[in-house]
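There are two complexes below, and they share chain A, which is joined by chain B in the first and by chain C in the second.
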Partner chain A sequence: MWKYIGRRLLLIIPLVWGVVTLIFILLELSPGNIADKFFTPDTTPEVRELIIAKYGLDQPAIYRYFAMLRNLAFFQFGHSMAQEQPVFQIIMDALPNTILLSVVTLIVLYPTSIVLGTIQAVRHNSITDTSISVVSLFFYSMPSFWLAMMMQLLVAYYFAGWIEGVVADGGPEFLANWFALPSSGMIDPVMYDYMSPGEQLLDRAKHLLLPGIAMGLASAAGTARYMRSSLLEVIRQDYIRTARAKGLKERTVIIKHALRNAMLPIVTIIGMSVPYLFSGAVLVETIFAWPGMGRLIVQAIYEQDTPLIIAAFFVSTLLVALGNLLADVSYAFIDPRIRYD
Partner chain B sequence: MTAIVSNRNAEAPPLTRAGLILPGLGHLVVGELVVGLGMLMVDGLLAWSALAGFGRLGELLLPGTGSSIALHPVIALLTWVVTAGLLWFTAYRRAFPRLLTEAEFNSNRAIFMRNLRAHTTGMLGMYGVVLMLLLTLLAPLIAPFDPIAVDAGPGNHAPSWAHLMGTDKFGRDVFSRLLYGGRISLTIGFVAVAIAATIGTTIGAVAAWFGGWIDRGLMWVADMLLALPRLVLLLTVVGMFRVQGTKGIYLIVVILGLTAWMGIARIVRSQVLSLKQQEFVQAARALGLSNARILFKHLIPNTMAPVIVFCSLAIGGTMLAEAGLSFLGLGVPPPISTWGVMVNDGRKPLIEAPWIATFPGLAIVIAVMSFNLFGDGLRDALDPKLRK
Partner chain C sequence: MQSRVLIALSLALWASCGGSEQSTTPTTAPAPNGGEAPANAHETRDTLVIGYPADANNLLFVVSEAVWDTNVSNSLAVPIIDSEFDCSLKKKPGLFKDWKWSDDGKIITVTMRDDISWEDGTKVSAQDVAFTWDLIADPEVASPRLNWVERLVEGKRPLIVNDTTLEWHFTEAYDRDTQTSHISGGVLAPMHLLKDADRKTLRGHEVNAQSPVSYGPWTLKTWEKDQRIVLEPNPKFTGPDEWRPNLNRVVFKITPEYQTRLLELKKGAIDMMDDINIADADRLRREHPEIRLVRRGWRSNDYVAWNLQNPLFADKQVRHALAKAVNVDEMIGKLLTSETGESYAKRMVGTITPALCGVHNESITPIAQNVEEAKAMFAKAGWTDSNGDGILDKGGKKFSFTLSTNSSNSVRVDAQVLLQSQLKAVGVEVNLETLDTNAFYDNLRKRDFDAALAGWSAALYVDPTPLWQCETEAKKHEFNFTSYCNEDVDALIAKGMATADPKEAAPVWQELQAKIHDDQPYLNLWWKDEIVGLNERFEDYQIDVLSAYGHLHKWKVPEDKVKYKR
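Right, the complex of A and B next:
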């Protein structure tokens, strides 16, 4: 097992190297660089050279390429060109926020979708099955940014406005405290510092809910679809018939015998969903003003901040590879027949 | 000698002849609801575009007058005629079916067509796709206003009979913009997936056929691209090479195609790996055929079924990616508007004028959903395990 994990970890190195090289080549081929934005038509050639030299852009590309590889090998991300801060610091500020967003998907949306997919497969071809299918396909086909905007409009504007109206008419105070969800940001910009720790936690949770759902709902809807077909395939097999023939309760047959096998492809799909979550984060964080990796990457691209772009790809590729590895390792826990030697 | 057997409806009930009057009616009265309603819907669309557009055909076809952008009314007219012809032909075939030989009846193609026709949701998806395509192709006839005319109505006007989906802040008609924007969105989806299918098929087949380090190298590239968040990669490329004007569309299409071939390559690779062992390939080798000929004439045609299914599902994903890119302001440059750009336009006035963002978003959902339903239907119809 450990040997297998070690071998897989070693395989991450060529993957990350390939990604970083590809991005480096793309950045080199693209016209313009960060120094351009300091130039005006009046800039003298001497000043131009100074600025270019300040960012190390006067050295040949091949030299910068190997310097970058050497630095990345020791996790030295260098200095952001646009933000005048260590890249490591910037990423460490942003990454936890994005992970926080994906936590909603991982611990709320995915388990829900697995339960829904199971219900669909158990009640195959019933009205429940069809209606869940239609709803999940609807969300599966939805652009996350549009979902985010519609939630801002319907939940954070119309519904919250209605709740506040109810409270203003003498309704109980807790309604507004609990159900009036904010439309953007991570914390209440004004009141947060004056709250008790419990209220602060609630405030954070309220801010987290809408972007978290917007980011993961499409992917979770896809998971429900896969869960349904995977379980349907398992239920048809002989050993399930045997289990039923033994007189086991249907509930036991499904949960103990069928689900375990049906979960295997789902674990792979969840492990491979990291890049999709990242893509979703780019859009959702932009809409909800959420200071995470997605917004960071967009900003870095707009500013042509080479070290930050490369570091962001480096980190996201690492996370993707680790997600895949985690999926494969958890296989062994779900299915004792699988052994990695 | 071939035995003549009947098609599913060699003796079509006389009621099916109602379809000759109004295509779809014939199917409907004998109980084929999905097909009947779908055809009636297309009938309605054709009637609508005829009523709305034929009156101003002269104005549309005359060059230089009318709209400020190229409207392609010729394509719209052609689409109208071809669709009407197909509708009546289908209705005629239903009323007076052609007799099939047994071999024809049991051919793969006939089985596939029967399965697909029996697949309710798949047919729904197909009609959704057809409807979207017709709506956008017939846009010059249907659209009540010039999509980029800024004075079509008062600014930020709520939906009404004059402006079915309201107007944006410049007074442009959202419905007309939606119809024209759909052309670009759908075209980008189709062309990008066509590029991806070509690249993916070639790479997958080459990797499986030659094996060894070629296989390992190509699959390493595929794995690498799969590990990258697609939207972030698209953003990097498009953001770095800001291409202005119409050329921007070509860049986006090509990049979308270049980032979608990996799934197809893997499918084709696994198919070719198993086909490689079969006798007909060995025979082709023994005949001394070249590698290229075996690959393109004997192997690839046999892998097409799953590729087609994958493509119909990938069009939805590609349209979503394009919409996301346009939404971030890095998509198709103005004055052309795709649905993603239109949603972005509606972001600032979301509270005052929610219709600007709502309808294009719904259009994306319906289009992507139709492609997904149709893809599922194709997959089930092609699946030999589910054959009837």
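Right, the complex of A and C next:
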């Protein structure tokens, strides 16, 4: 097992090298550079040259490429050109926010998909199965950014507005405190500073809910389909028939015997969903003004902030590769038949 | 087990926002009279929440480049010379109490206020001014404002006479509005905190990028990257009482997505946003009477630049024919007019904004559409449809070109289609190209285009040099996209720039506009208004051509309309 993990970890090196090289080439091929944002009709050519030299953009691309590889090898990300802050610090500020959002997304995604998929498989070909399929396909077909915008409109605008109306008409205040969800950001920008610690926690949780659901719901719908077909396959196996023949309760058969084996493909999907959580986060984070890695990457690309873009992709690639490795390793724990040499 | 997971999640939730917070609590310092400046001497109430499209990067003016930076940094300072806009920039005393020119117009002597202090108690002095301009002039700093010192005499930019008196020595006298903008636009850098800083990495210095020190009416209370910037009244402010804020706080809520900002404006989660689309303004007017819509007049223009290096556009007659083929009024009606018939644009005749009413040439009549005349002019220039395919040709070459624009501007993308259809009616084939903004402007600077639908933001003082002066080997003008060159225009630019009195320069600039209009290097389209949405509870706001966030200290809310009690 440890040998396998070691081999997989070594394979991450060429993967990361390939990704950063590709990104570097794409950035070199794209027109303009970060110095362009300083240029107005009032900017003299001398200033232009000074600024280009200041960012080292007057150096040949090949020199900058090898300098970049050398720095990345020692995990030195340098300074952001736009913010002039250490890139490491900028990423460390954004990464926990994305991880937090991803954790909430996974919490929405997996229990929902496992429960729905199991209900569908157990009630195969029933009205319940068909109804859940239709609803799942509806959410599955929906782009996450559109779902995000619709949730903002329906939940954070109309529903929250209605609740606030009820409270204004003398309804209990807790309704607004608990159920009027905010449309963007991580905290209430005005009142947060005046809240008690408990209220601050509730405020943060409320701000997490909509982006977490927007990211998790579409994936949950897709994963529920996998769960359904996987479980259907498992419950037709001989050992399930044996379990039933022993007189076990149907619930015990499904939960104890079938579910564990049916979960195996779902673990694969967990590993594969890590890249989705990062790519999906780009749009959802922008719409919900969530200051995470996705928004950071979009902003860095707009500003052509090369060190920040490279470092952000470097970190994302590492996380994706480690996520996949984790999924592969977890097979062995779920299914004792699987052994890695 | 479950409770442990919940506790861990709760802690993560709580910790997640703390990483980037820069909560700046200024150290207490005695006020000039020896005691603490009374924080509550001036009554304040309510909070203004601004939906802000991007976070600030750097709050040190000499190195900041984005409007998102300067909107915030300006609030942390007393303006060096204050200004109002009424047909032209009207200069008013700020940190500089008064300023006067020498007879030859080459020296400006200024007297500074002596009662302004940084919030750490250090006096703002002439040394801070000289230090700031020294930073601007230093190539190591690479300030985007280096052109401000181009015409200042080295060693006297400025010359410190005493703690509150300075002399600015210019190598030549030029337009006084431009001259004063070169010595007064901006915010000072604190010499006592930055004098030993490494100038090469000044942009990343903690004092600039994270916790700037104020000498203005506001202080930076909190800056959570990509989330919010919170300003509060500066309790150490030592300036005049009329500069003390009336609001408790100003919160810049960073919300990059336009639709999210709009939804939050309607919901009341934010009080203000700028750059509202005309269609959305119509809906707001109908459904949200609590939102006041304010126009910022003629801030930016759109035009079609003809690449004069392309033989297709070399003939002035052809450019006039193209202008006559286009119905700009119809385009304004379709693209920039509200459903109530209110137009948010004015026909453009040149690159000097109509907001500069004494300088803008009102006597130039925009070219009106006349398809028959356009066809006749094309025929006179040798362009006819000889093969009957509906497209003009000359010497076997079709009148066909590519019209490029940047994809991020929806009005331009729509205008492109209308132009294509209108020019088709006179036999001109237009191929459309929409490019990423960086690629688009890169092509313009390299002159790698046929025709480009682009635009400028209005400059509030006149310097046509970068756009219209002939380019030479010695003097490159990369923003003269069309490669326009006219010796008469060059002579007028030289004359206008050398005229110190703006009133005397105005006729020169009007003649220049007429000459350029006659040459038609641009197909002039329109000057646009920007629409700002502001909750109606705010009074004494200043939203004008200068800024959407002007003089924030004056904004106030009547007692009976306060929304945020704390």
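The criterion applied here is as follows: the second predicted complex is superposed on the first by the 330 of 341 C-alpha atoms of A that agree within 3 Å, B and C clash if a C-alpha of one lies under 4 Å from a C-alpha of the other, contacts with A are read in each partner's own complex, and residues count from 1 in each chain.
Throughout what follows, contacts are C-beta pairs under 8 Å (C-beta built on N, C-alpha and C of every residue); 3 or more make two chains touch, one makes a residue touch a chain.
Keep in mind the model is a prediction, meaning the values are calculated, not measured.
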Original post:
Who does A:201 touch here: chain B (first), chain C (second), both, or neither?
Top reply: second
Original post:
chain A residues in contact: does chain B have more, or chain C?
Top reply: C
Original post:
Touching A:304, do we find chain B (first), chain C (second), both, or neither?
Top reply: both
Original post:
Taking the superposition as given, does A:330 touch the first partner, chain B, the second, chain C, both, or neither?
Top reply: neither
Original post:
So, does A:152 touch the first partner chain B, the second partner chain C, both, or neither?
Top reply: both
**OP:** Figure out whether A:14 sits in contact with chain B (first) or chain C (second), or with both, or with neither.
**Re:** first
**OP:** Once the structures are superposed on A, label A:31 by its partner contacts, choosing first (chain B), second (chain C), both or neither.
**Re:** both
**OP:** Quick one: classify A:128 as touching chain B (first), chain C (second), both or neither.
**Re:** neither
**OP:** Once the structures are superposed on A, label A:177 by its partner contacts, choosing first (chain B), second (chain C), both or neither.
**Re:** neither
**OP:** Identify the partner contact of A:286: answer first if only chain B is touched, second if only chain C is, both if each is, neither if none is.
**Re:** both
**OP:** Go through chain A and flag every residue that touches chain B in one model and chain C in the other.
**Re:** 30-31, 149, 152-153, 157, 286-287, 304
Subject >> Contact footprint of chain A on chain C as seen in their complex >> reply: 9-10, 12-17, 19-20, 47, 49, 54, 57-58, 65-66, 139, 142-144, 146-147, 150, 200-201, 203-204, 209, 222, 225-228, 230, 249, 251, 253-257, 259-260, 263-264, 266-267, 269, 436, 438-439, 441-443, 456, 459, 463, 466-467, 476, 478-479, 564, 566
**OP:** Note which residues of chain A are touching chain B in the complex, please.
**Re:** 14-15, 18-19, 22-23, 26-27, 29-31, 137-138, 140-146, 149-150, 152-153, 157, 272, 275-276, 278-279, 282-283, 286-287, 297-298, 301-302, 304, 309, 312-313, 316-317, 320-321
Original post:
In the complex of these two chains, what residues of chain B are touching chain A?
Top reply: 220-221, 223-224, 226-232, 235-237, 239-241, 316, 320, 323-324, 327-328, 340, 343, 346-347, 350-351, 354, 357-358, 361, 364-365, 368-369, 372-373
Original post:
Given the complex with chain C, which residues does chain A contribute to the contact?
Top reply: 30-32, 36-47, 50-51, 53-54, 79, 82-85, 90, 92-94, 96-97, 99-100, 103, 149, 152-153, 156-157, 160-161, 182-187, 189-191, 193-194, 200-201, 204-205, 208, 286-289, 291, 295-296, 299, 304
